[in-house]
Amino acid sequence: MQKGLKVATIGGGSSYTPELIEGFIKRYDEFPLTELWLVDIEEGKEKLEIVGNLAKRMIEKAELPIDVHLTLDREEALKDADFVTTQFRVGLLEARAKDERIPLKYNVLGQETNGPGGLFKGLRTVPVIVDICNDMERLCPDAWLINFTNPAGMVTEAVLRYTNIDKVVGLCNVPIGIEMGIAKLLDVDASRIHIDFAGLNHMVYGLDVYLDGESVKDRVIELLSDPENTSFVKNIDGIGWEPEFIRALDALTCPYHNYYYKSQDMLEKTKKEAEEKGTRAEVVLELEKELFELYKDPDLNIKPPQLEERGGAYYSDAAVRLITSIYNDKRDIQPVNTRNNGAIASIPNDSAVEISSVITKDGPKPLAIGDLPVAVRGLVQQIKSFERIGAEAAVNGDYDKAVLALTINPLTPSDSVAKAIIDEMMEAHKTHLPQFFN
Amino acid sequence: MQKGLKVATIGGGSSYTPELIEGFIKRYDEFPLTELWLVDIEEGKEKLEIVGNLAKRMIEKAELPIDVHLTLDREEALKDADFVTTQFRVGLLEARAKDERIPLKYNVLGQETNGPGGLFKGLRTVPVIVDICNDMERLCPDAWLINFTNPAGMVTEAVLRYTNIDKVVGLCNVPIGIEMGIAKLLDVDASRIHIDFAGLNHMVYGLDVYLDGESVKDRVIELLSDPENTSFVKNIDGIGWEPEFIRALDALTCPYHNYYYKSQDMLEKTKKEAEEKGTRAEVVLELEKELFELYKDPDLNIKPPQLEERGGAYYSDAAVRLITSIYNDKRDIQPVNTRNNGAIASIPNDSAVEISSVITKDGPKPLAIGDLPVAVRGLVQQIKSFERIGAEAAVNGDYDKAVLALTINPLTPSDSVAKAIIDEMMEAHKTHLPQFFN
Amino acid sequence: MQKGLKVATIGGGSSYTPELIEGFIKRYDEFPLTELWLVDIEEGKEKLEIVGNLAKRMIEKAELPIDVHLTLDREEALKDADFVTTQFRVGLLEARAKDERIPLKYNVLGQETNGPGGLFKGLRTVPVIVDICNDMERLCPDAWLINFTNPAGMVTEAVLRYTNIDKVVGLCNVPIGIEMGIAKLLDVDASRIHIDFAGLNHMVYGLDVYLDGESVKDRVIELLSDPENTSFVKNIDGIGWEPEFIRALDALTCPYHNYYYKSQDMLEKTKKEAEEKGTRAEVVLELEKELFELYKDPDLNIKPPQLEERGGAYYSDAAVRLITSIYNDKRDIQPVNTRNNGAIASIPNDSAVEISSVITKDGPKPLAIGDLPVAVRGLVQQIKSFERIGAEAAVNGDYDKAVLALTINPLTPSDSVAKAIIDEMMEAHKTHLPQFFN
Amino acid sequence: MQKGLKVATIGGGSSYTPELIEGFIKRYDEFPLTELWLVDIEEGKEKLEIVGNLAKRMIEKAELPIDVHLTLDREEALKDADFVTTQFRVGLLEARAKDERIPLKYNVLGQETNGPGGLFKGLRTVPVIVDICNDMERLCPDAWLINFTNPAGMVTEAVLRYTNIDKVVGLCNVPIGIEMGIAKLLDVDASRIHIDFAGLNHMVYGLDVYLDGESVKDRVIELLSDPENTSFVKNIDGIGWEPEFIRALDALTCPYHNYYYKSQDMLEKTKKEAEEKGTRAEVVLELEKELFELYKDPDLNIKPPQLEERGGAYYSDAAVRLITSIYNDKRDIQPVNTRNNGAIASIPNDSAVEISSVITKDGPKPLAIGDLPVAVRGLVQQIKSFERIGAEAAVNGDYDKAVLALTINPLTPSDSVAKAIIDEMMEAHKTHLPQFFN
């Protein structure tokens, strides 16, 4: 008899968990999970109970033999796991709110995964992920780590560079979202669309687009440069790319590119929203409260539709699809964060990239794309350097390197502003940055 | 009998010419120039006469057998030349003033070689330099082209990529200036200082610094991070780098790095100065008028000391030093803009880089530096992409590529601002951008 | 109604054609071929008739609506084709016999695709393939060229470098053969084995081996280094690799590696065989005669089992499998000869490599493998240089380059021997080497 | 007062030492040596005495204040040294004779630095050099290690990869010899010739040749391909390169290239010589005996002219020239073995290459050459792999890796022959290969 399949989910008390459960239920035929361990920390105990019980009801309704365990003991959860998924948030949404608010005071973008917010989320998260990896090395050395925790680029880089775990994949729903968007733009089913993705997490480009296997990039670029295509094109409150820019770029962008190619507009939009309705974290805090109220309902035994408004759509699908492909050696192509291994020229072999990869039991094998287009090489290189130096600062508690990482980030106006923001944020996040205060 | 040595100087009516003459006089022993042809265009005829006559008086005073020719006929000047130097300015200082003024309206840096100004100077200059190269191919195929015309990075890139002239060197006085500054900081003679330079024109880094051949980088970085070192450190009106930043960067910067690592401060400073005393071009316009008044003096037969205030110090020295080293196969090390040839990893072999090179009769041979430090790779790559796409736009009159080049430039806040600036500047420089208006 | 599917097979009179027909019949459900054009040259007319009629009978028996056309008019055959396959042999088996015989006189390996034989097969074949590509550009610019003609590495390199056809795939049965062999060694079904292939045609390595997706490389290497495993290991008349060698190499070899890692044994074996039973071409000449006798039988309407003894097993399967995957955008992984595109470090992006690739409608996308193992880099690089210089010699009729190509080939003992062999072979193949005799 | 200058020469009892002394005397003005420590091992004591006393007499005659110390205590010699030179021979000439004799039995080239002999010299030497480096780290961490001990490529690779000493330069007289030869061929003074060297030790190519700074490569290649130029061209007993080969190669070769591009001739020549007059080691053994007899003469106080016949001319000059350039930060160009640092594409940054470099106080800085010519890439890569795997085998006493290294060497006919040779040589050199026998 084959040993059962065990998954451990770090940050199991997350509001996203019902999506993950739905994913496991939907793909049970291909991935016969036997034990799901939802782990959280003391502060998240109540949420873990609520969402964990919903998970149990969902599985009961689906009539599947999956045992759901709720625990605060990470070691017990990791022991002999086959897959470990991570979706935790050090400092919870309160910390994210600070990541978003503080930079705005300095007229710098406040956002969860870009600029100062991204750096500080990294500084808080990397030491924890390194810790988890050290535990995994001991408790489940053969397990795959599927990381959704942001900033996924810096986190995956840190795992590859500073731990002994090399079975790691970083996951993001952005590429899937782009495929969905392009399908909508072309008015076809998303399954007929394929995109060659390459770049970094939240900095990924679509180098070619196929409809039924045939390149339609020219047509898509044409559509994207048509100001009439308000639906998909005007991705930020109706602002589309300048036709000349997108035509000459000759590649698909991701929504986060707005922060770089429309920095000023995005800063202003973010400031306005923070003022009018609160930062995204503040909005989500409210949404989450409501969600957890819903989750408490003992009659609820499906993923409530309201969760989709929370954002993060397709995450669950992406995660379980990836796990299923690894488990079954499916050899389908998925965009993931993995070791570059030469696939993108000029990025070190051992750095993390986000790239279309064949998913095998032996992990993702990235498709070689050679050189990135001239126009995007610099920005990708710059963000990779930000991620590398940020990860180094996080691991070593190196304050100078933190200042360097933020100064070279394209969203930062100067070394002095970088330092001022860092000083205020270090203080604000003190509890979660022990490596800098010893 | 050996054939005489002929130099043709395109833009010979420049106010800098006396420096060049001084250089040729000073190094006559090593570089026995016989004919110097100063060429200019119809609009520059008067200045050419004035400065040309001063040149003749200088040479007469030095009692050297150098024939100075003044001409508006470029072909005659190029014919059989051994060296061609270029120091022209398409559209004169009036065009530069527009390059500086217009971007400021959009809250974007107005500067001659960076951002929109750099792009437009390139768009105007590249077709002319391509033209000169085509003439050279016919009239003096063995001559060396020594280019000081800015933006020297984009111009050298264009020559390497779009002409058949490969005997080209781009020259800048920035590296020499850095060596002088470091010598002053250490209070030693500049001849004892050597720096390993690598990067791009106006984006060059000092990767190591030697005093009498021994690395003193740590000491220099320490000094540069000391807020007390106001003289050299506080390079923009008393603003120095944040100590944490420069320590972690662990490399010497060049003055133009302020536009990138202190973008906001530089923008404000530039706006303030434009308002209070006029843009740099406007200031220089006045200076030049005074200089040419001085030059007219029939008793003046030396380079007037007032020229040093004009800026551009060490240019003449750099130029004649370079020419002399090529001519004599000196094999000394000089920082120049040349074909990368693998010296800097991740930059194409056939792209221009600014790098410490051995100067031989066969041209500069760059010293291999391998990978640039992680922190600077992205910015260098980004500016290289800006230069490459800018050169392509200039050669082909490709409007979309111009928008792309400016959008990916780190000093531009968005694709829409890029387009708006380009539209206004295209109109303003219409006369000098025929490739975009046919 | 969809346009029908047309395949043109250059060298259609080959004895292999029945295998190809069998392949098209077997996969008709996925690849609904409507027209198959078998083209040959005047000298091959008789064989074309014989094998073409067999093909018609096979299709009739299979009751499929595929029209088989026999023609000597290549243009007619290429016109609007969807796929072009090439399996021709310039100079027929008589030329191959010379490729095998002549080098032996000089104590140098005589083999069809390696050493002097490979070079001369390339010199004869490349101009013809370039010609076909030029026709394709005009007559069927969207078609895929599936080349089985040897030397497939040099031929694919020549197409990529010297024609405007980039939809080209080179195909070889060696990788499939290795998978079959490993399956046998492990006593499992071949469908459960997967190998990461990388290298060049007839110089391909298996970098990892998977059974059901799990790496079993260590076990396979252990088995391969066990002298008891005579069946698979002792691939040349019972000679296996030295255990130390294969353990330290830590990669799977292909049968052609014997020519390089056991050069002396292979030379002697080849000489002995040539003496005792004739060279391979001479043996095959007899086999072919018998085959064509069989093919003439008007009652034969299947691929005769005797064809398998001819060698070249799995070719038909590999070819139709590849075509089917392209046509259906299957995205399965197959080892093919394709543009490197950065997949193997140190090989130019635009050179041909043989590598595991995802097969899409847009062609093969190679999986990035980064650096080849240290031990194999040099030999792969050397053969790539041989292929590149050989292709250049073939296209330009450059005698010096032919001498260079053969001298740097590891199987050649000296520049003088290289020249002597070339001189004799040039003369022997004169009719088929017009580019060298004008 | 400046601290004196101390040089330690490991293997000081070598017959070459008088050349080194002559070099120090000749360049005393630039390199004011105060202490020279000649170190040797117990077995070399007598020779050390003889040659050491001659050294003292030479210095006395030159009336220079250099103290010569003779010692068997390596630590004492290394203590606070400024330069360490190594010219030792593990196992003395007797071991070399075995390196030359044993392979011949297997019909494989017997030579000191190529093929099996090179490997075994490496296996014996690398552990000793690693040991010396470990001592240096402790006793003179700032000293430069100038290594002439062969195989200099493998030895320098081992120092770079397996020790903490990075101030290391490997030295060879081959490049100087080529410059001399070319000067003779052109009938000009050698000081007017400059060659761009790139490759590996004993596998170095001249990529361009200059006379007075102007490229004369075409002329030189023409001369080299002219069968009339017997003097330089016919470098092995009158055998010159085939004109077609050298013209197409379009680069200068080094004498050791004969082993690769004329393998068969060289093998036969070596066998014949071994038979007729003994191997090179056996010949040198006699020469050395005579030399030491001469050295004993108390009236001898100069380098005896007979030493030049010993071979190894220009070594002393190369060594003292290099040391003088480092000491004085001369920044002249010399071909040395140093860290690649990106200078040659496709060779790892941290591998040793032999390349034209600027010699500074901070060590050699290689000139970037980009890609090696297509024709030579493979062979260079193959020898680099041989050196890397050989060094690894030497450090770890890894028998399998030794078999692998020898099998991939182009001079070895098969894995089985490699193993047979290794087994016999391991036994023969047992005393000096402790790492393989524990």
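We just call them A, B, C and D in the order they show up, numbering each chain from 1.
Criterion: a contact is a pair of C-beta atoms (placed from the backbone, for glycine too) under 8 Å apart; a residue touches a chain by one contact, two chains touch by 3 or more.
Fair warning: this is a prediction, and the values are worked out from it, not measured in the lab.
With centres defined by CA atoms alone, the chain at the far end from subunit B is C. Centre-to-centre separation between subunit A and subunit C, using Cα means, comes to 44 Å. One finds 55 Å separating the Cα centroids of subunit A and subunit D. Each of residues 345 in subunit A touches at least two other chains.
A ring topology is adopted by the chain contact network, closed into one cycle in which each chain touches exactly two others.
Touching subunit D in their complex are the following residues of subunit C: 239, 241-242, 244-245, 247-249, 261-265, 345-346, 374-386, 388-389, 398-401, 403-404, 407-408, 410, 413-419. Subunit D contributes residues 194, 196, 208, 210, 212-215, 328-329, 331-333, 340-345, 349, 358, 360-362, 365-371 to its touches with subunit B in the complex.
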